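Mind looking over this structure? Questions follow.
The chains carry the letters A, B, C and D, assigned in the order they are written, with residues numbered from 1 in each.
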Amino acid sequence: MEKRYNESLKQTCINLFKSRGVELSDITEIVFDLQKKYIPDLTMDVCADAVDRVMAKREVHYAILTGVELDMLAEQNKLSEPLQTLISNDSPLYGIDEILVLSICNVYGSIGLTNFGYVDKVKPGIIGRLDKLGKESSACHTFMDDLIGAIAAAAASSVAHNSAL
Amino acid sequence: MEKRYNESLKQTCINLFKSRGVELSDITEIVFDLQKKYIPDLTMDVCADAVDRVMAKREVHYAILTGVELDMLAEQNKLSEPLQTLISNDSPLYGIDEILVLSICNVYGSIGLTNFGYVDKVKPGIIGRLDKLGKESSACHTFMDDLIGAIAAAAASSVAHNSAL
Amino acid sequence: MEKRYNESLKQTCINLFKSRGVELSDITEIVFDLQKKYIPDLTMDVCADAVDRVMAKREVHYAILTGVELDMLAEQNKLSEPLQTLISNDSPLYGIDEILVLSICNVYGSIGLTNFGYVDKVKPGIIGRLDKLGKESSACHTFMDDLIGAIAAAAASSVAHNSAL
Amino acid sequence: MEKRYNESLKQTCINLFKSRGVELSDITEIVFDLQKKYIPDLTMDVCADAVDRVMAKREVHYAILTGVELDMLAEQNKLSEPLQTLISNDSPLYGIDEILVLSICNVYGSIGLTNFGYVDKVKPGIIGRLDKLGKESSACHTFMDDLIGAIAAAAASSVAHNSAL
């Protein structure tokens, strides 16, 4: 029953991502880029499996549901001030977006934190595209880019752990 | 200028607390209860000062603004499902409320975490009253009780550090 | 191979605990006490299984190996000052013992943090006995009591998650 | 008295760094590199002040004393196995070094985490030099590079907060 409930929450999260322009394959690409220099024969399939494992965790679902909701409310101008401005401007000192995803980073151990910090700074692939979109349009991805970065970071940790067999 | 900006954000947070039924003196009482067994001559004034110091931190303002907003949106039934149900029912596995306040717990060092965990479990004073209210009425304090617990825990850590001079 | 390596590390940790006076059944008792009020038909077997799952995690092994080593070096007076005094006196502001076990608390989600804080404060069962021993004898359990508290807290979270099916 | 005690602990930590080949100016350089792209008129003095503020925190002293002690014990082959091998080989999955410095990263808010992850991955300046030294000689800097990265990251956060006045 738990399994089934989680499956349904997982699908809700995947659909939410799609509706906001993010495919799991976008996240898989980041994982591959993070780990290929350490694992020469790494395949995209291995990375996709890792993303899938992270997306099955309840902690991850709750962070996604909360973060994307705040992004959408900010787009619709439905938050109270000064929160509305802090989130819609992606204020660099706001920091709650990074805090929210801490629990995702840690699902496969503390090395996820390092990967998250790197990705959050370098903004590879879909993260850079969303960041640009957020700055140039009325779209708000303040939480989304941290969610993606944290999922990619956790999946990269999982790949690293498994390759260390 | 920074100081003035923070002063204004601090006042916004204090007003928000008042409008939700929480006075800083309620938090001070929890700090006093947490520390009196370790510091025999502890006064309420020392505890009130510590709460005041915690309430001056930008990290704390941002967590308060975000958490209370989510509580209020849940009360107004304005969140998407399943987030609406998770927050309005204070689902014990949701966990995002505890994550959100982690940054508050840590403002005076890692011993804040221990105090937070204790307070979150024992629910002293205002925390217990809000918890009861949340369960018996249409009020939602899912984030509020963790915010109060974390502020009290951080203030207690500050008192402990200062008394160790 | 990974499995076998982890099995062996797990056994190393269990032996290390035994040599320091801690049985897994001591930890199981704390888990049972933490969760029985929420789950009326909870059994000791369910709690023992949860402790076993936590003890199988690599993150947990590394924290145990590091923390117990520091306790033993402190007992043998082999640390440099002022670290020797900080650890052998279990200085309340040291805080590194709480930081070290954060990764254990989180293996089954953020609700582990709350349980850890409570246990660290209330010191039930073996934790209280070790704490007393540390104060009255030359034994040093500065890290051990936090390790036990964190393992119990994580196992309690696992029990809570599973009972929420 | 507290101030004086902290001053003395701070000096102990600076001396420990020197004895292990690390000057505060090495850390200041990393802070400057991290922040110069965001603050065009940033000076080295501003960065040095920020490093000095981080080095005044008790949390930071305790993390330094503990981490450097473990590095030195590993160099002297004085740790029990398998911990000796894990630390002296800087095993990528060990992760306790990253956990230990979490409390440092957070002293100026959660944005410190992002900077830490980036620095830990890119290994600028002294961090890269120590990493190379650790791999090519009998020196062990498993904890040292994370300590430096975390101090630099926290100082960079402090610079960012102050420049946002």
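The definition used in the following text is that a contact is a pair of C-beta atoms (placed from the backbone, for glycine too) under 8 Å apart; a residue touches a chain by one contact, two chains touch by 3 or more.
None of these values were measured; they are calculated from a predicted model.
J.: If you line up contacts by residue number, which pair in A-D, C-D or A-B shares over half of them with B-C? Let me know.
T.: A-D
J.: Is the number of contacting C-beta pairs greater for A-C or for A-D?
T.: Result: the pair with more contacts is A-D.
J.: For subunit A and subunit D, let me know how many angstrom lie between their CA-based centres, rounded off.
T.: Computed from C-alpha means, the inter-chain centre distance equals 27 Å.
J.: Which whole number of Å gives the spacing of the CA centres of subunit A and subunit C?
T.: The answer is 31 Å.
J.: Of all the residues in subunit A, which ones touch at least 2 other chains?
T.: As it turns out, subunit A has residues touching two or more other chains at 58-59, 93, 95-96, 99, 102-103, 109-110, 161, 164.
J.: In their shared complex, at which residues does subunit B touch subunit A?
T.: 9, 12, 58-59, 62-63, 65-66, 69-70, 72-73, 78-80, 82-83, 86, 93-96, 99-100, 102-103
J.: Applying the document's contact rule, which stretches of subunit D touch subunit B when the two form their complex?
T.: It comes out as residues 1-2, 5, 58-59, 103, 106, 109-110, 161-162, 164-165.
J.: Show me the residue ranges of subunit B that touch subunit C in the complex, using the header's touch definition.
T.: 38, 92-93, 95-96, 98-99, 102, 109-111, 113-122, 160-161, 164
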